[in-house]
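My structure is below; once you've seen it, I'll send some questions.
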């Protein structure tokens, strides 16, 4: 062990990861959470909330492209996009690449996350907060969504729900029903959906099963985000729009029009991430639990 | 941190994983390496060689099915299968499911790995050492392959090469040339090929690039093996046989004939694992280094 | 880091120790606590309760000799000795070396600690449970002491009090008053008293200050117990008997009569452990907090 | 585990310590070693060389007072003091408190340690580098001592010898012979002498035994330095001067004259640190190894 300074993250009761720590860029406590920006030998600069790795300079493009583009490409005219969470700006950065988008509303509870990101995480937001289409609202996302209407794409980019934590009520059937009402007729919801690792799969499968109670089309997909220490699940849901019907041609045509281009997502990546391993599909089929307001899901 | 006993694995200079440790089933030192069989809270029973997780009870099926079946299905008549490494028996267990196979030769340097596996890792080998088709040879795999001929499928299931370690010369162009000569005309080689994580991709891309110097058809693929703490690369190589031309129909027909069935691999999984993310493909295209006997590759 | 299996103990919010782990001799959960017997590369066999190192094969003689002999030597005729805690038998082992002792009562809440020690910790108890003078009572020590009388030496050998834990009420002024009533006129109480490290001294100084409310003679002393990762405090208290008045001659005479001899304690050691560094004495003088039933002390 | 950033120090092959890490004040590599100044939750600011804790803001006074004052008090007129190592200035700070001292020569190999300490470790040096009596020489201490004469007190304040490291030849019989020649007739040498923990005692006992080959009076002593994770040994050696003959009266008179006063050392502390536990004395008596240039000692 050559290094003596380490960032340790316990990801479940029984396992975790460690990373050599070369710099503590920022460390503080907001009214909502502990916020750290650190630099590691493995992943460069990292954003850490309450001790959990949120994203890293080296591989955040995987997470954020996977979260944003399938829905944005699938939407015919994504004019109005709402991001729940995502205060560090990277999700908005990806959304803003789509020229059709007129309005990007970031709803994040924690003003300090946005402020600290503006100061320390330029690699994440790339100046998107100055984009005239972007609006930041500091409010509980659920409350905001209750009165929202006409959203074309809603991106749920929240940390894991924990008992007593602010995201607990943002993964329930009732929340998804509110989200559906906020969407336009052709609207699409996409949510990050926790680990899809074989031994730690049930949060993912429950989110999928819960979304199926609310939306006719529900498509889970997974990608590798190395700094998450695990394969990671996402779910796209809608009334009608189905990402499995996207053709390589139309998908690539849309992507080629994006300024700057993408590093992770294209038509082959799309096929790879929607083609789930057999054991994941089996676990999804076998899931029967529904997450509700009265029985919410607390990760770890 | 509720637990006080941990297994720590440093996977690169800058990162690693920890797992709660509930039992030390076996711990000893062979002439070649430190061998441990432990039980963790995250992955159940695990085989650890020289401090590196080799496979775990919970997710070894992912690794071993991914390693074995694409080649075995692709081969028209896989009569003679050679496994370099794989002394714990799980690779042979998967190979043995294919009825066409007449001969399974396991070439492992370390007799103690086989003996300890027989005693402690029944979940891995499932009795395959008693299969009349299986033969175990305790020898350096490269030397054995030099004089082998007519191999239909060669499975390279070795630990990572380290400077001074026994696997160092089993990932070079010269080794792959010897392997090609050992293969039958329609023969297929498949090798595990290290991490395919975005920040740690170069071993994988060099193995692929080196194989391209020797074989006309070279197909990299990746899967998630959570206990490896990273997405993992594999490469299939041959003179003619191409896994991208396998149809879902023929693939599933072959798999349905296997006794016991599979948990990971089927036609949708196949599509997923051969559809690489854009950044992986780009890194593969950009690779120009060839691994040779005079300039071998030492991982980590 | 050559070893991959470790025992980690967090000793305060901000620090802890790790030890290479070579064997898990026993691991289980009693009605009162998690009990582990492990073997480490640094300290050999260790007893661990609720994740806290209790004593190790290599240095338990320091702790147990320091805990027992100053009081036993000081007592003119230690006929009746009560041990609160100490279920693993090592304290009783040291007490039993004194021929004058007629009765050794071990009061430990947790029957399983005694049973597991009998099975796995012979190095600790050395068969003392078979000594006819020894009696083991499975009861709350405070309750037992309420009705005890005529105790010549009372040895408080308990784990650290934690909120909600069983030892919480065994470090209070009210407890010490009960203990005083249980003692004979010439009786002596001795208690382990937590870390005496400079940055972590307040539990020790509060115990001393609390005992001063109850006993006329209160003598703190400290020793090095390496496996505790810290210098360690003890306190001897009595109505009259004062260890500072022991002469080297009488002390050594008493010790020479003990069968087997001692490895840690003799007259020079005695001088060393009762001669406290200046900063410890200053902290003791400055302490004003009293631990009471209504305001008990929770370590860590 | 509330904290996620940790400083880990492996102190032997089998054990180590961890500390929560709140700030990386400085991190760099000099021609001789890795130098870090960090802030921990347990010990405040810490100086770390090659991953080894050298001293901490919270308890460096224990180490430096113990290292310096017994010799300085014992010396009748400590005019000329040579410090081997000690580039961070705290040893010189303690020496400078003695008014009789006319000359303080710090011989440290590593210019960067001194520069970084001037910038970041004011708590250590307290401006002593501006004291007109202080001279800093950047040279190998052994070479410097070869031509030194008339030193009244020589303080060996070096990191542990490691094979290939710069301190390897500064703990040998030949070095001590050179040191004796550099001392005045009444001169005194004192050296830090590694851990005195029961399971890790042999470096300490060998240094003592080696010094006995060269000096008629050799007095080992030990103190608790919590951040060293172990009790710590020192040795005072001379031709005639004996610290065991210091009376409390004369010792305290000398100390009272020091400006600022001391926090650790006084006559009672003196008695405590020269009164060694029985097992330490026994290990010292049994030691027969001599450290020589041809057979130097490599710690850990």
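Here are a few things to note about the model shown:
Letters A, B, C and D mark the chains in the order given here, with residues in each chain numbered from 1 onward.
FYI, a contact is a pair of C-beta atoms (placed from the backbone, for glycine too) under 8 Å apart; a residue touches a chain by one contact, two chains touch by 3 or more.
This is a predicted model, so every value here is computed, not measured.
Within the contact network of the assembly, the step distance from chain B to chain D comes to 2. Contact with chain C and chain D alike is made by no chain in this entry. Once the centre of each chain is set as its mean CA position, chain A and chain B turn out to be 33 Å apart.
In this assembly, the C-alpha centroid of chain A lies 53 Å from the C-alpha centroid of chain C. The distance from the centre of chain B to the centre of chain C, each centre being the mean of the chain's C-alpha atoms, comes to 54 Å.
Residue numbers of chain D whose C-beta contacts span two or more other chains: 1-3, 8, 10.
By the touch rule above, chain C contacts chain D in their complex via residues 1-3, 8, 10, 12-20, 40-43, 58-59, 61-62, 196-200, 222-224, 226, 229-231, 262-266, 268-269, 271-273, 275-279, 281-282. Only residues 1-10, 21-24, 27, 36, 38, 48, 51 of chain B touch chain C when the two sit together in their complex.
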